[in-house]
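Going in written order, the chains are labelled A, B, C and D, and every chain counts its residues from 1.
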C-alpha cells in the first residue's frame, strides 16, 4: 500500500489517495468518522474543534460498502472554507485584492516550519508554509490510519492509543485485560488516560498552562494486540518494521522522540533484565514471559503486543510570546498567536495510533498478499498454523 | 542516492552497492577505512574485533581517486572466512557433510531475531537467520555512511557520534568549540565519551557487567554542524528528515529509542521553555538563540546543529543465561553464548553517526542536485547567499 | 515528483494528487483545461464526449495562481454522476436495491480487463473492474501531464502529440518549423494529423469502421523540442529515461507498442545509416546532423528532439461482436456494447503527449533540483552554459 | 524484489545485490552460469567473448544450495582485469602515470552514451562514461534474470528468448509444441533462430556486414508460458505489468522499440481481428481462442503466453566510420573502433529474456507473497484452483 495526502488548513478540503488496498474489504465512512471524532476530542482543544466536526467522504475505490481494489479517495472538507475563498483561492488575484485579503504573514513563529519553509521555498508570505505544515494535516493521516485499522480488525489485530504523561503529570500504568478494554477506559477520559486520578491532574495542568498563556506536551503510547510473529524483516535495515514505525510516529507534527518497549529505559538496565524469555506449549507454540522489547526483535514482531511511545513537545503557538524577527522589516517582535490550543496530546495519541496502524497493516499485506481479503485470510491462517506447529 | 547491503557474519564478505553518488567526488579507501577502524575500537569489545581489521575495497564507480557517477561497490572481506567455507558455503552439501559441519543452531536466544526469523522464513537451522541479523552488518552501513560523510565534508558539514550514557553512568554535557573538537576528545576516550571522569566509570561498569556475565547498553548522541536551513520538507509526512533519521537510527541493531534535540524531555517542559527564539543580523541572516529542538522544525533543518540521540539496549548475547526453548526438541534450556562483547555502545555511536550522515547527505543531494560536485557546489552557494539575504 | 490517481468512470470524480512540484510555478486551471479539451476532441468520439466537458479544480498546493511546493490536488468531476449515485455509491445497499440498481455485469469483453480483473480481485460483478480500467482514467493523466508541461514551458521545452496512422491510412511526414507550428496544424485537424489529405482518408476510415460495427486503432507520435543534453542516466538501467517513457506510454489504455526514433525500423538498417553524426560549433557547442535515434543515446537525451511513437490497438468495445462467456451462467454470448467510439487515436495522441511530458519534467527536476522555480532556473542556466562550452 | 548492479567493463568485476528473494529456493551457481554462457554465444561476436567465459560467484544469501531470505550477492569477475589495474584502478595516480596509462578517450562515438554522459557528469575522459554504459553490464542483468527464472521454474513458468529478424532477414514463425521445445531448437542455432533457412541467411548477412565494416541489428522475441491470470494490475497505471516489461526491455543497451503481442501491427488491423475471444470449459476454466494481445489485457496477464518483441539497433561501434568531433581539440574525426562485434542480436535475445523474467517473477511474488517458497506455493495453488472454478 501507499498513499499521498494533500490539503491546506484553510483550503477547501483535505484529500488522501490510498493505493493498494485489497478488494472485498467491508468499508464505510462511519469506520473512518469514528476515528476523526476521537481525534477532535480532548480537554484543552481550542475553538476550531467545535466548529468543525470532520466527516470523510469516500469518493472512489469503494462500492456498496466494499473495496474494489482500486485506489480509494478520502476527502474531509474544511467547514469554514467559505470564509477563506479569497485568501486561500487557487486563482490569481489583483494587486489591490492582494493588499486587502491576503492576510500575509511575515512573522515566523519559533518552533514552527514558518521560517525554514519560507527560506526553502522562497515564500515572502509565510501563510504559504503554515497552511500545509499545520497539524490540520493529521486529520487525513487519521483517516488513512482508520482504513488500516479496518484491515487489521479483520484479523483481530486491535490497537489503542492513549496518554501516559502530560506536562509533569505521569499516569500510573494500570493493568488491563485487553486492548479493547483499555480503549474503552481511555475513551471515557477527557485526556485519553487510563488513570483517573492522573486524568484530573492532567486537566488541572492544562488549565494552568492556559491561564499562564503557556502550553504543555506529553507522552503517548500505542499498543497493538494479536500481531503475528514475523511482520517486518531483519534482512535489510530499511525493512525493519520498528524503524518504519519510528519514522511514521516521529513525522507527526511536534513529535520529538519515539521508543519501542522499554526504549531509553532499556539502555540503563542490565541485559539479564531487558530480554524476554522464551517458553513453549503445544497449544500456543512459542511465547514470551515478558514484553520488555515491545513486541520487536530483529526488526520483526515477536508475537507479543507492539508497544510504541511517542514524545510530543508543547504546541509552539503561544499566548506567552517568544522573541522572533519579521522577515520583511527585520524588526524583532514577540511571536503572534494563530490558535488557542494549549495541549494537543490527547488528539496526538489518536494520530500516533493511526500512524502505527498504517505501518502494521502495510507490513501485514507485504507478508500475506494484497489482492483480496479472502486470499489474505487463507495465507494468514496457513501461516498461523505453521507458526504454532513450528 | 540509494543503497543495498548484503553479506553474512561468517560469509566471505560484506558488500554494498551505492547508486546515485555524484561524479567528481574525491574518494579513497582510506576515507572509509578510518571509520571502519573507529567502529572496531571500544572498551569491552570481544575477541573478534582483534582478529579482523576491516578494510574496504572499492570495486566500481571510482577511478583514479574520483567518483564517476556510476554505482559504487564496497566490499569488506571477512578475515576468518577460510574457516567457514564448509559451514557457510553457497554450494549444496551431502547429508553426511551436513551432520559434520553444519553447526546447526536450534536454540533461539531471547532478544535476537533467531526465533521470529526462523518462523518467518521457515528455517530449522537458525544460523540461517543469525548470520544476517548479526550486527556485523553495521560494518557496511558504516562504510556507506563514511561515503556520505565524504560528500558532506565537501560542504564543511561535520559529524560526531559519541557516548552519553553507558549502563547507569551518565556523562556530563561539557561545552565544546566545534564538532571537530568534540570528535577529537571522544576519539581519545576508550568509550567514546567526552567526560573523562565518566569514561572511567563507564569502563568500570563494563568490567563489572563482564564479571557478572551480564551486558549493558547506553545512549549515544550524533551531532552535525554547518547543516544549511531547509533540508527535508514539511510538505509530506514521509519527506520529513527527522522522521527519516529516526528510521535510520532505530534500524541499527539493538536500538530501541531515538530522540531529536530535547526529545522526551521536551514533553515534560513548558512551551515557553522548549522553542528556539529567532534572531537576525545582516551578516548571518536568521539565527537561533538556543537549540532545544535539535536543529529541526517542521521536519526541516533550521540551521542549528542537528542533534540526535539513540538508545541501545544491552547486547542480548549473555554469559548470564536466559530461559529459552530448543525448536527441535522443544526442551527448555538456558540461552547459549555466541560471542563475548559485554558492551557495544562505543561502536554503536559510530554506526549511528553513519546512519545520520547518510540521511543528511541524501537530503542534501535532493535539494542541491546530484550529478556532479561542481553543479552541486554552485547550487549550494547560490542558496546560502539567498538564505542569508532572505 | 510522484503522483497517484483515483476515480471510476461513473463515480463522482477523478482525483490526482501530485507531490513534489516546485514552488513559485505560475499555474491556473485554464493551463490544464485546455489539454482536457484537446483530449475530448477527435473525429469518431462517441456520445459521452459531448455531455461532459471536463474541467479541473485545483484544490490544494496552489495559491493565487502560484504553486506553494505543497501537494497539488486535481479533481475532474463526472458530470453524469447524479444518474449513477445508487449504482456506484460507496454506501452499502439492501439486497432488494441491489437487484434493482446494480447493473451487474457478468459478461466479459475480449480485449478488456474485465475477466482477468474479476478473477484477480474476485469480483462477480465485473463493473467493479471496468469502472476503473476504463480509459476515463486518462483524463487525470492528461491533467497531470498538463501540469508537467507548464513546468517544461518555463524552460521553453515544447511538446506535441499527433497522429501518424489510423487503420491502414498513413500520414506523410511533412516538414515543420517548430513543435509549436506542428501543434497548430494538428490541432486544426479533426484527427490531429499534420497531413490534410491523410486526415480526410482517416475520417473516411473511421466512418467506414463505424458503419461496419468495427473499430480501428493507429499510431501516434510525441515530439519534444529544446530538451537539454543529459536528462536520464546510463548509470543504472532503471534510470534510463527512454525506458521510463516506454513504461509510461505503454501503460496508456490499449497501447501495445512503443518506439524511440526510428524504433523497429532501425533494427532493419545498417549501423552506418542509423546513428547521428556529431558536429561542433563554438556558438552552439555539440550538435547532431540527424535525429534517427529520437533524441536518446545511452538512456539520456542528446539535445535533439525527443521522438516517441506509440501503437494503439482498436478499441475493444464493438458493435461487431466477439465470442465470450458469461461468468455466472457459463453460457457463450457475443460481447456487449458499453460505448460507441469507433476510434480513439486522436485523443490517445494527447494522452501520450501527457505521459511523455511527465517523464521529461520529472527527469528535468531530478537534474536541476526541485524546490523553487528560481533555483531550478539558475541551475539550468549554469548547466546550459557549461554544456555549450564543453 | 529489488536489485542494484554495479561494475565497469574493464573493472575488476560486475556485482549485483538482489534483495527480497524468498527463502528455501534451491539455487546454485550453475543455474546462473548456463544463462551467462547462452549470452556469450552467438554468431558474429568479437574477440572478447572468447577470452572471457563468465562465471558467477554467489557470495551471500545462499547457504548449502538454498536461499535464506537474505540479500544475494552475485559477482562476475572480469578475466582481463589484471591488464587494466592501472588504467581503471580506484586509487589516485600521479600526473606522470596519468599520461602513461590513462588511455584517455576524447573522441565520442555517435550512438553511444559517450558525449551526453561526459557533458552530464563533466568528464573530460570519456572512458569514465563508456566503461559503465557498455553492454558488458547486461552480464549481471542476465545473472539477475537467471535467478528470476529459477523462481519461475518452480511454478513451471518457462521462458524463451529467440531471434525473429537480423538485418533484412526475417525468420518464418514456425509452430512449436512448447517453450522448452522452442528453447531447444533456437539454442542449437548460431543465431538463436527457430527457422534454419533464415539462420543461414542471417549468418550471411552478419558476414556481409562485417566485410563491409558495418553492423546490423534485429528483432528478438521473448515468450513465457504457463503464466497465471492476473499478474500486474489495472488499478494504477504504474502497476501495469506490460508497461513494466516495456521499461525493462527498452532499457537494454541499443534497444529502440518494444511490442506486446501484435504490437504495431495491431494498430493497423480492425477491432474484430485483434481481440482474443473467450471460451470456457469446466476442466480448464476460462481460456482464449487466440493470442493476438500477447498475454495481456488491462495491464494484467490473461493466462495466454506472454509475447514480447524488442527492436535492437545495429551496434554503434563501427569499422565504417561516422563523423564526430574530439572534445578537447574540437577537431572533426571519423569515429574510432572500440570493439569488433558486428551483430549482438542473438545475445540480446538472452538479455531480453532475463529482463522479462525479472518482471514476471517480481509480479508473481507481489501477488503470491515473498517470504518462503512453501508459503508462495500454497497461495499459488489456492489461487489456481479459484481461477479454474471462477
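Simple rule for what comes next: contacts are C-beta pairs under 8 Å (C-beta built on N, C-alpha and C of every residue); 3 or more make two chains touch, one makes a residue touch a chain.
Predicted, not measured: the structure shown is a model, and the values here were computed from it.
Looking at A-C and A-D, the interface holding more C-beta pairs in contact is that of A-C. Just one of C-D, B-D or B-C has an interface built like that of A-B, with over half of its contact pairs in common by residue number: C-D. In terms of their C-alpha centroids, the spacing between chain C and chain D amounts to 27 Å. With centres set at the average Cα position, the gap from chain A to chain D is 44 Å. Each chain gets a centre from the mean of its Cα atoms; for chain A and chain C, those two points are 37 Å apart. Across the assembly, chain C contributes residues 4-5, 19, 69-71, 117, 120, 122, 129, 132, 230, 233, 235-236, 367, 371, 375 that each touch 2 or more other chains. Touching chain C in their complex are the following residues of chain A: 2-8, 11-13, 15-17, 19, 23-24, 28-29, 58-65, 68-73, 88-93, 98, 102, 117, 120-123, 127-129, 131-132, 371-372, 374-375. Only residues 19, 69-71, 230, 233, 235-236, 366-371, 375, 378-379, 382-383 of chain B touch chain C when the two sit together in their complex. Per the touch definition, chain C reaches chain D in the complex via residues 4-5, 108, 110-120, 122, 129, 132-133, 137, 141, 165, 167-168, 209, 214-219, 229-230, 233-238, 240, 242-244, 246-252, 256-264, 266-272, 274-280, 286, 288-289, 293-294, 297-303, 311-316, 318, 320, 322-325, 327, 330, 332, 367, 386-387, 390.
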